[in-house]
Amino acid sequence: MTMKEMYDVLIIGAGVVGCSIARELSKYKLKILVVEKGEDVASEGASKANSAILHAGYDPVPGTLKAMLNVRGNEMYDELCKDLDVPIKRTGSLVVAFSEEEVKELYELFDRGIKNGVKGLSLITKDMVKEIEPHINDTVVAALYAKTAGIICPYGYTIAVAENAAQNGAEFVFNSEVIDIKKNGDFFIVKTHKEEFYSKYVVNAAGLYSDVINNMVGAKPFSVHPRKGEYLILDKDQGYLARTVIFQVPTKMGKGILVSPTVDGNLLIGPTSEDIQDKEFKATTREGLNKAITVAKRSVDKFDVRKTITQFTGLRATPDTEDKDFIIGESDVKGFINAAGIESPGFTAAPAIAEMIRDILKDAGLQLIEKVDFNPKRKPVIRFTELSDEERNKLIKENPAYGRIICRCETVTEGEIIDAIRRPVGAKSLDGVKRRVRAGMGRCQGSFCGPRVVEILARELNISPLEVTKHGRNSNILTAETKKFLLEKAAEVLKKEVYENA
Amino acid sequence: MLNYDIVIIGGGPAGLGAAVEAYEKGVKNIVIIERDKYLGGILEQCIHNGFGLQEFKEELTGPEYAQRFIDKVEEYDINVMLETMVLEITPDRIVKAVNSKEGVFTIKAGAIILAMGCRERPRGAIMIPGTRPAGILTAGTAQRYVNMEGYLPGKEIVILGSGDVGLIMARRLTLEGAKVKAVVELMPYSSGLTRNIVQCLEDFNIPLLLSHTVIEIHGKDRVEGVTIAKVDENREPIMETAQYISCDTLILSVGLIPENELSQKAGIELDPITGGPIVNEMLETSVPGIFACGNVLQVHDLVDNVTAEARLAANSAIRFIREGEFGKSSINVKAGNGIRYVVPQKINVDNIEKRIKFRMRPVNVYNNAMLAVKSGDKYLLRQKRQRLTPGEMIDVNLSKDILKNANLEEGIVFLVEEG
Amino acid sequence: MELKEITCIVCPLGCRIQVEMEGGEIKSVKGYSCSRGLEYAKNEVTMPKRTITTSVRAIGGHLPLLSVRTKEPVPKEKIPEIMLELAKVEVKAPVKIGDVVVKNILGTGVDIIATRNLYVK
């Protein structure tokens, strides 16, 4: 055996689940590696394309992991967000009913919530609903109000968790799709296209592909299929239309289409819910978007759909098991732990899932020795828009890059963009910058700041602007240098002519 | 706090025109605040010609046109703040801005001239379904890459929108070796200048597909193709006509939107049709002492008109700082049949010396129609116009005499009389 | 007898001009609004010309490219050749508007001139 590095735990997937597990484990003296197929944290799966909600926990069936971990996870976010410097708003949520039939369902949810241990639940009358939400449709009859629900930026949070994990010693590799896993005695050989990693334990947090990963190692197979959800984001001038997360009564396909403010002040509409087969189908569709708009209007019909600034699709990792619950536990291959089939309320549950995985690993024999120097806090993020003018001036004096505004729509400075690139697990692409500091998320969707961000990325990463990508792989923004392209083309044409005439 | 008689926000053709005019009319304590590294605004990347035929009786390229004014700004030594972004303006004319040298600072302005120009409508605003790969960009952004940075955004291009920016880029990209496979236009006519259809599309045999739109974008990491379809009278796609065009780039030229975030935050009333401030005959907005000109007020086709508008704004600003607030402009100007919008939206005939120039756009293409101005039942004007098209701004001058002699209580309406 | 319909591109008016031709010779021109339009129409049907506005690479300047144009219109058919020729050109800052960047491009008798100032970085 070669003198290769042996990891204690290798986590597959750098979504919110994988990163949360990495951070949890980084509290202990362990060699941790997170292997991610995408180019960045939260770059491929549901962690970047979801409803951005912290669910209260009345929706999951009592007694399930979903229920327990949802409620436990929800409680943990205030402290986590404080430590990780991630904006969070405890807006509360409403499940609104438009008929007596639907009111009956509210009672059911309320019951479930109580059984699940959810605090701050109450059933409220139409008048009380209108007090909380003045713009809600007048057809509302009653609602279930959940105080503990909230909104957050899901990819911003995942990035913060990853950064803190890295800060505390966890390693990350990107652009590394796992193609094979073999148990070799008492450790695993995990293969990507480029290299091999050795690890005593493997945690499967591969989301939509967690079935593929599980089946690769030869454990008892299960399957996970994509359940597509389409969303619309509306301009910040529509954000006033909702103060809480407004749900409608759930169906067996999920919690339904909601209308919600985002933590940055936009209005979010969606998601639809449609079972599909293709795990790579990430497109929005005419039908899906129209459905989201139509159903959302049932709750709040005042929004102006022409104020939409972008739309996106997320794929839920829906498990094809009987109980449809999270698949969390050591598989029948010793040392291979699943945190699989994590769909809603997966984001809310993530910190609690991490705790549970830690305990499962401990039970499986992993030695957990606490690190004395574990730092739960990441370096605070400077957000120009949140500073006072005095703070801004002090900052600009020290670092003039904070006086240069690059994204005009969201008022993001060059200093913030440079910081986003230079931090641990920093941005390497246009989308990476966008998810960390919001440059490109405003009304013009990057038309103005795009070229400038490309320039900054090229400079900071010491690459040519031709190598800058939107989100890794071959999503290059630019294809050729002008002039050079013409000359090369002419040379090619000439070559063709020469060979044709030869 | 700094103090300037006139603060001009934006150093493109509107801001430059206003600054030079103000200085030449005797107000020298002025400043131009520009967010880019150099003056010139959007003209800097418009290296094609067609500018200045009215203003200079020459056909110039964008940078040449801008330089005529930049030269004057330098000659007059007019104050300029580059790489400076205005963060906020208040109704009492305090401007807050930031740059990397001075940090955040405030300016008390005698008058403010808004000249921020416009931005482009992105993919998300028109909800094209499909994936979100690299290779989707607006025509202006493509223009910046090609003309200022020296990069091609793609090699096989489909352009959505046949406005002038899209047409110009069709030619530019073709000249630099890319293949433009088609220009797709939703309407049954192009909104670009006819000369551009000829020298940008016909010259290069680039097909123009009228009454078509893009209904889906394909490609995981980079654009791989688009699906287009014909549209019906309601501009809804006819799914049976769907066809796939392979390409690596989709360029969007689907509308310009005046950049009024600052105006909105200052409580300035905007016209929902133009997207710009509601102004009176002095180009003053609903906030006294704040004026608007150029693309921030209404999207123009010819920069020469922007310069003319900027001069009016400058003269109005000078009158404001010398004479104080004007008499209220309370006569409403409305767009009637066939007209999309009219600027100015409110007038006061006592405020003007000689005439008011009204600018407007028609809703459709009209051939051999009558352009009319009415107040109540009475006609103030009736002119035959050979061709009216949404792509070409119309201007109508109404003299003070005509306006004074009419009973304008019911406001004035501009309309098109067909047939 | 051939009737050619063209759109004049000399100014934004875009007049529709009808040119009657017989045996390669112009018989009549109708629809123009000015002498430049007449000139354009006559050229367009015999030897079409265009003004090229493009850029050339620049070194040591405040921008990586210098915008340029043909001083007068050049034969339309020479455009691809001219673009290729200009792709080989590199100018050094400083440059002033109007400076000749390439004299008599490809023997057309037309100069390529700068349309902006290029300052030393």
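Order of writing sets the chain letters: A, B and C. Residues in each chain are counted from 1.
The rule is simple: contacts are C-beta pairs under 8 Å (C-beta built on N, C-alpha and C of every residue); 3 or more make two chains touch, one makes a residue touch a chain.
Because the structure is predicted, anything quoted here is derived from the model rather than measured.
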Busiest interface, judged by C-beta pairs in contact, is A-B
One chain's C-alpha mean falls closest to the whole-protein C-alpha mean, and that chain is B
Distance in whole angstrom between the CA centres of chain B and chain C is 27
So, in whole Å, the Cα centroid of chain A is separated from that of chain C by 53
For the pair chain A and chain B, the C-alpha centroid-to-centroid distance in angstrom is 38
Chain A touches at least 2 other chains through residues 482-483, 486
Note: chain B residues in touch with at least two other chains are 148-150, 176-177
Touching two or more other chains in chain C are residues 55, 57, 65, 83
Chain C contacts chain B in the complex at 6-12, 14, 50-55, 57, 62-65, 67, 69, 76, 79, 83, 97, 115-117
The residues of chain A that touch chain B in their complex are 232-233, 280, 282-286, 288-289, 306, 308-312, 389, 392-393, 396-397, 400-405, 408-409, 411, 430, 443-448, 450-451, 455, 465-466, 469-483, 485-486, 489
In the complex, chain C touches chain A at residues 55-57, 65, 83-84, 86-88
Contacts from chain A onto chain C in the complex sit at residues 482-484, 486-487, 490
Note: in the complex, chain B contacts chain A through residues 35, 83, 85, 87, 96, 98-104, 119-120, 122-125, 127, 129-134, 137-138, 140-141, 144-146, 148-155, 176-178, 215-218, 220-222, 248-249, 261
